[in-house]
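Note that the chains are named A, B and C in the order they appear, and that numbering of residues resets to 1 at the start of each chain.
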Amino acid sequence: MAQRRKKKLGNLQAIIGSIPMISVAVGVYVICIIYSITLSFTSSRLFPKFNFVGLKQYERLWGSPRWQISVENIWLFGFLLIAFTLIVGYLLAVFMDQRIKQEGLFRTIFLYPFAMSLVVTGLVWQWVLDPNLGVQSAMANWGFEWFKFAPLVNPETAIYGVIIAGVWQGTGVTMAILLAGIRGIDEDIWKASKVDGIPAWRTYFSIVLPMMKGAVATAFVLQCVSVVRVYDLIVAITNGGPGIATQMPAVFVIEHISIRQNAGVGMAAATLMLLPIIILLGGRGIIQWRAAKIEKEYEKKMLQASAEVS
Amino acid sequence: MSEEKPESSGNEPRGPKPRKISPARIGVYAFLIISAIFFTLPLWVMLMTSLKTMPEIRMGYLFNWPQEISFDAWVKAWDTACTGRDCNGLKPGFWNSVKITVPSTILSIVIAAINGYALSFWRFKGSNFFFGLLLFGAFVPYQVVIYPLIIAFREIGIFATLPGIIILHSIFGMPILTLLFRNFFGSLPMDLFKAARIDGAGFWQIFFWIMLPMSVPISIVAVILQVTGIWNDFLFGSVFAGRANMPMTVQLNNIVTTTTGIREYNVNMAATILSAAVPLVVYFVSGKWFVRGIAAGAVKG
Amino acid sequence: MENISVSIKDLSLRFGRIEVLNSMNLEIKQGEFLVLLGPSGCGKSTLLNCIAGLLDVSDGQIFIEGKNVTWEEPKDRGIGMVFQSYALYPQMSVEKNLSFGLRVAGMKKPEIEERVKRAAEILQIEPLLNRKPVELSGGQRQRVAIGRALVRDVDVFLFDEPLSNLDAKLRSELRVEIKLLHQKLSNTMIYVTHDQIEALTLADRVAVMKGGVIQQLDDPTTIYEKPVNLFVAGFMGSPSMNFLHGEVIEKQGNQSVSFKGIEIPIRSYPSINGIKTGTKVILGARPEYIKIDEKEEGTVGPFEAVVEVYEPMGADSIVWILLGGKEISVRVAAGKRYTPEEKISVYFKIPSVSIFDAATEQRL
């Protein structure tokens, strides 16, 4: 009895200790989200107002070229950034796995951009890509006048300049995660493929890569989250310009709740930002659920198989 | 050592296989070195620009070593560079960042350690549900919750104050750090906990006497993660800190984008390096721990 | 000479300063089942990896089927290998696992199908060909792993502790399966293990290794009954051999080992070159060559002893006794019971014991 009471007491302490967690989980991730979604149906300006206007803010949102360009940009930015960081990251990881001399040095070099603020990343690349004094002029001074590379000042190409900065910042992390995945593969698999006479590149792509789905998924999700959140980089590198060429949803929302004093539209945009994350998490959930189901079927089959054979 | 020629007796293969430098190997190094150059160039440019004088910068040799090394830009960036009307350089921003980062790091880690401990050993009804919500939070774009939080903080009266920004960082550090500590405590043997229970220790006693001393390594990972994360933050600092507590990143952006007068690229780059210095030092000193922090922070399913 | 399958000449392997294999020489006959046995870190797996070509040797040569393969790639050595974790490619079906190496090598499709079919028949895994490795039991996985070596039509099979990940019951089942397979295929097989039961049951010859050196290379019976040195004697057998440290004395022309005041006559011991009186020796007696209360042909005794612990093991029992203050294990038939503190007399079966020089630890 005393034991039981003590356990109860411990549980009470545990609940007390978890109050910050519970209040953040509920307060921020339930109430705040619901509040934001609710406001997206109102005509709130700088301060919240609860006069509902239906889907009007969403209509305004989709009618605004600023938002349309934001959405276009984030798809382009997201697709290219994720594709680049994953492909180049995996290539780098594979090459780093070749018993390289100075592996530590290379790792340090590839990863340090990730340690720095995205503001720093943005400002540095803004400077490097400066049309008058940046890489273009340096190359011209070295005698390569044909070399034209100043994407940030042209609305058509500015987003690609941003992507370069993003790739520079994010590839190292992807490499580190994927390299850890490669190193986690059973040593015997390598030996077996050598005995089978399978060339190393083939082993990396046909055997090792499918075996490290976990690491790939981790890197993928990490990049997805950073794409949806991208704000600092844009503010620092182009501040959304030239014009509105490099607008992004995250910048759009902040501008609407602060300078533009139009929280209703801002919250409509924020609600839409939540969608891809929910789809991503939902998709992952379904995949996991299906994997669990398939595993159960495997077990059944396995039992049958062992019965058949023996 | 491995390049050593084998002593061959006759023509028979004997001893280690002679190693040839294959084209594939040259290719591997070439790819790595070219990538390394791409990754180091911006740092190089930053440094070189910050050491040059403005006339030299205007000549447009971005990558060249400065003809004459000058630290004036660094001094100016730290002490007198202007953001709008104020001309105090980055110095106040640096101290603001320290004032924000230190308490935020400590607070968020303490809370997360307790959370992780409770989630691993003292599961109560609904604890995993709350944890699930929190994990979901790790993926939620900040923009979705930022406006309600502004309103709430304003109501409580901590908007644009130092405590406000500290609490905010603790809130947003919680999902990842809780996951980090839960995974760590979850890897400890349950028997250890049971033994302590049998010895009569309670929730806080077990936490302080047994779990906390064991969680030093994971706490180091957490400190690295938080110090770099909070120091590098821009969004929260610009929205929640208020003018008086503006962190270094925000001030940096203001200095660089201040349009009045001529743009002093050397000062801008010196300011950029100064802002990146703290996380870079943390990164270079911590080395492998940093990588471990990323791996732990990259939410695993 | 022509029926030598694998031949190793002066093989050395160093990692930096650490010498893992020390100028080793070994010849394995065609169709032989050789077991490399030893504690972890003795170099047995390293040796196997050298034979497979997975490790570059520091010195020496390796011949397989008369061909010098020292510098050859693993795939060109005519070997197949079965790993501890089996190392099946998880995302490929059994059929793909078996055929992947052949497809990469560019073999014609009908030929591949033919080989896979034959291997599947031999291993009786035809119903499993479309399954993925996760859907297989431990035993089935092992068969697929062997099948992967089988389709490559190799001369030599290498096994790297294939059973050590499994539970005891499955282990003994699969052991029998490997033995049957060897009887059926009659390939040369080299098998690494730290499990002495596996070694004794499977091997034609056992090489007991320690510190990168083969201590003894013999058939299992000789290894067990006539270990060449103290290490082999102590490593083989469970419970391990009893070691009595003593000195050889001589009385009226008859030698005995004096051990804590007890004199054990060793006249019937088949020594190699005779034993000098006065030598410090270690008398090693396996638990089954010590008898309690029963005098047999060739035994010496009685010696007074006290029962300490009685351990019934099912098929037989182990009695731990104190002889002259030293703890000794004795194997007795299952029916006999002893109680602690019981006074008994023991007899040594001298023709079956081993005597080692205490200084060199070599068999005398």
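The definition used in the following text is that contacts are C-beta pairs under 8 Å (C-beta built on N, C-alpha and C of every residue); 3 or more make two chains touch, one makes a residue touch a chain.
What you are looking at is a predicted structure, and each value in this text was computed from that prediction instead of being measured.
Among the pairs A-B and B-C, the greater number of C-beta contacts is found at A-B.
When chain centres are set by their Cα atoms, the one at the greatest distance from subunit B is C. Centre to centre, using the average C-alpha position, subunit A and subunit C are separated by 54 Å. One inter-chain figure worth recording: subunit A and subunit B are separated by 16 Å, centre to centre, where each centre is the mean of the chain's CA atoms. We define each chain's centre as the mean of its Cα atoms; on that basis subunit B and subunit C are separated by 54 Å. Every residue of subunit A that touches subunit C in the complex is listed here, in rising order: 186, 188-189, 191-199, 202, 206-207, 210-211, 295, 298, 301-302, 305-306, 308-310.
Residues of subunit C touching subunit A in their complex: 49, 52-54, 73-76, 79-81, 83-91, 100-101, 104-105, 124-125, 127-128, 131-132, 134-137, 139-140, 148-149, 152, 160.
By the touch criterion given at the top, residues 12-18 of subunit B touch subunit C in their complex. Interface of subunit A with subunit B (complex): residues 6, 9-11, 13-15, 17-18, 20-22, 24-26, 28-33, 35-36, 39, 47-48, 88, 91-92, 95-96, 98, 100, 104, 106-120, 123-125, 127-128, 132-135, 137-138, 140-141, 168, 172-173, 176-177, 180, 214, 217-219, 221-222, 225, 228-229, 231-232, 235-236, 239, 249-250, 253-254, 257-258, 263, 266-267, 269-271, 273-274, 277, 280-281, 284, 288. In the complex of the two chains, the subunit C residues touching subunit B come out as 56-61, 68, 70-71.
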